């Protein structure tokens, strides 16, 4: 299997490379860039010295690729995907370009023109654990966003199996700084972010329609959520802390059992025991999503905390998991990484 | 004015010292400890070399003190306060011992015996901006907790002036590690907390009844909240992100104006302009509380983000503010510190 | 006294502002910028909301200033200082433009044209503790670099009072990231620097000739040093670890006594007791320089560790100290800040 | 191959586990502890949930082990190793107990009784790249310390191939906090270490005799070094910055070529190009040692910067590399991990 990575110089790109270079069924991994063509990968990233000393290439010249991963800024995939499909490549897109089925939602939240409608229709949303069959059969996979992955995996069992008030869902999300990418600016400046905890884009983040689209599909009715993202002074990790009003009583223990049973066949989702609370460090460098929850009888709400490594299960890790599924391999292939702790 | 600090070797204690040593109306600042008596303060804390080279004393020998600050672990103040009052000292207590009016609430949430009832009755809750008159007249001041200070200042104008659903209040709180004090353990171990974001004590934190008690008093009915604390890999800073359902429509701009007007006479509370979102670093080392908010018309909720330095407005800074109020001085005396940025 | 700050939007600028706004003999503090004129200071830096809401001005319009602080990038002061002197203002320059007496040294190390020779001659090097008399009398003060301040204060007593091998001096220096300023780039990008320790500009840093110039002056002969700077994943703080071969035996205790006696009249230099090793955090936010040392009998070398806050004693703090000296005030005026710990 | 890990609950232990659980020639990995016997590994370390849910065992009951890794505090291996050898197990010891050939050196620097002389004689020092033949043949391997690994790999080519002044060697070393282990105390307390850079044990660290022993062996004469360790506020990573006086002129380029040639057969040592300076993050999570150097013609010294991940090449990674060598496998087996960046 020959694969390519578009946007290989970004953080999503090098994380894909880290996984794919050791992937047993991947023969060649070709690296593409729009901005640094001709440079060696190891000049852009000296941590790859002696590992990958090949020059970066221009994606226009790509050929002989079975599957192309796109880890590029918004707008790239919308234009590039049709061309790659025409060449006969499959596509796994890590950007937000192909996630919203409705082009006008994309325009509203991303402030740019959407991808062609037929591509949006064709694209399968790659929340691996919840959409295995469709993933297996598609030629265009749209890899979920980091916040949506943590949020949706944390909510899915509740929504599929229990009675809740759909208007009550609140997601308070926190992310490490690598989620902002490698582009330099005050928003990624060390001295501005270090020893600092920030809130941003209250109720305005572009992952909101992505989460609502999936929740709405599961519930069979439109869902509107409160979603507030924050930045944590650390490189990797996301926690989504979620609040949902239960309309029927259930104990913490029983709800945890129900979650464990829901994810029985999902090797990357780990539901924590009662009283055991998730931490982002416990999934760092791995493809796990750890979920803890507690029913608060005083308020009638359940509080769910879901953690992932934003560059792994929130981006490259899930993309490789989907790559495995699309090829009929064990979904853990190349992903049996133990979290790097401490 | 001669003051003393019980628990001077903890983080609350050295922050009090930092403020009081430069306080213009404070003559002497005597340092007490239960554990390290006889040591020089500058041996325990070398950053105080040449500033404070006096030996630490035992509180039993305290005399000639006008006001005693108590910055000790739970349980100390419950026992010590009556003795100090008997000696004719006033008391400013930074612990949680005197905050809950109902001793049985204390027992339930703190798992230890409460302070004597007459002390609890006498103690005035020192949320400076909202309780100025009572603070001025008391001999026993109970300084608010760090999470309650950020939360209550963020909610007060809403609750006093607008129509909300009292059952809807959710507080998602995040704190730097210094809130856990100087005691060593896995819970304060560098390699465990660095590059890590944790949730803890979901719905079980001892600051819950403190917040509910004050909200209930303001609203004239019992209030039950969802409160979830988290730990952020940084030393100082708290953000409380709060979600409240509005029962009448109001725009972000108008609500901000209402907040600004509410805090017109409060020099330490800064309400942010629309679109300007608070960050903990912007109050670091200072006594400010910065509040930002946004009405989300999609959900009918207002999202409020309130930040403080947990050791300043969340502990020592507010204690000094109350000390000023108790003595009839300008509340900013000794507290005109510009945030240390970056 | 009316003062101005050129380069007020940089980190040196806001630290100067933090100190000067509370300085008892400073009436007005006018803020200048080349890039953000017309903006409010509190728009550029929201942590100054309600403290400083004045618009930033263009330095060409400056008038009525007694002393102008220049905290600008290399090259600005070389051009601006003559103009300001002509207007009758005194100048305190925090950049490197006026530090090297020899213009050709400046050209070699800074790769740009030097300031006019008469300005370089006139400028007094403001290492406060070692140059008090000249500082008092000058109209142009060149504030030392951050690395040179830590290094020179750590070496001065040794060089003035003891027999050493001048060719043996090695300075291994470490700095927090704020030393790189507020300009965004990969070199200040959070995810690149966090959890990372870097070496840079080995033997090529522009502070080398500054240190050598002062050492040479003290020793009466040219001195060549090894100097290696590193970046530490923290915002503030510098440590210079220095190695010098002693040509006569002396014990650690006696050498420490000699240092203490050398700095007896220097309130901001604290020489640590034997066995007590300095830490950057113990001077954070303050103007102290803490020095620890140990004679290693096995090697015949003394190892000296000297720490400062790079934005305080390494920049704005020392500039205010010099401002005090230039005006005949106690050098601690406005600088009696206790380190912010933890 | 069945292996065991003594001290599995420490940071060295979990890093060994992370590597060995995915090691292709390792069948069983049994976990031992002295302090937490009976607990599940995943209770002690929840990041191992669903990966390793076996109970921890007591080492006295160990049987059927081919090779035992010991990652325990000082003193354990000195007693345990003879017993394990008697049982017919091979031993790879990560502690300092078996590194110093001379028991009295151990007593002096470690302040405790040494291991039996016959064990010290038998133990082979596992600096993999420099001692391959002996490693292959031994039953007792003493894995090098973290500081010695970074230092010795950085100095080896210089010492083997070039003319230097042996009295001139100075090593200024910096380590992340995980090097201090998981034991809680003020020395590993988050708020004390965060935003702090410390020097410690100047000229007194127990890794000094280890480095001197190996250098002395290579040079054929006793060598005395200056060695100063520091703590960096990050979890992983070591940099050793080293200063050596050259007694014959050589250019940076030629010296780098000589280093590259020296390490031609060493896949884990990467010598950087001229002008490319190492960073700890570029080896994080991997077994690489990156070395950069610069000849400073002004001083006649070479400055060498050598970086490793202290838990990998500085502990568990090198132990697994030696495990591979002892078994005749490719030394990269199970260690082809790309650095986790960013």
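All chains are identified by letter, namely A, B, C and D, in their written order; residue positions are counted from 1 within each chain.
By our rule, contacts are C-beta pairs under 8 Å (C-beta built on N, C-alpha and C of every residue); 3 or more make two chains touch, one makes a residue touch a chain.
As the structure is a computational prediction, the values presented were derived from the model and not from experiment.
For A-C, the equivalent interface among the listed pairs B-D, A-D or A-B is B-D, as over half of the contact pairs agree by residue number.
Simply put, of C-D and B-C, more C-beta pairs touch at C-D.
Chain B and chain C have CA centres that are 36 Å apart. Touching of two or more other chains is recorded for residues 11, 178, 182, 191-192, 194-195, 233-236, 279, 281, 342 of chain C.
Remark: chain D residues 11, 177-178, 180, 182, 184-186, 188-195, 233-235 touch chain B in the complex. Contacts from chain A toward chain D in the complex involve residues 11, 14, 17-18, 21-22, 45-51, 178, 182, 195, 235-236, 267, 270, 272, 276, 279, 281-283, 285-286, 290, 336-342.
Interface residues of chain C, counted against chain D in their complex, comprise 167, 170, 172, 174, 176, 191-192, 194-200, 202-203, 224-226, 228, 230, 232-237, 239, 241, 243, 277-281, 284, 292, 294, 296, 298-299, 301, 303, 305, 307, 342.
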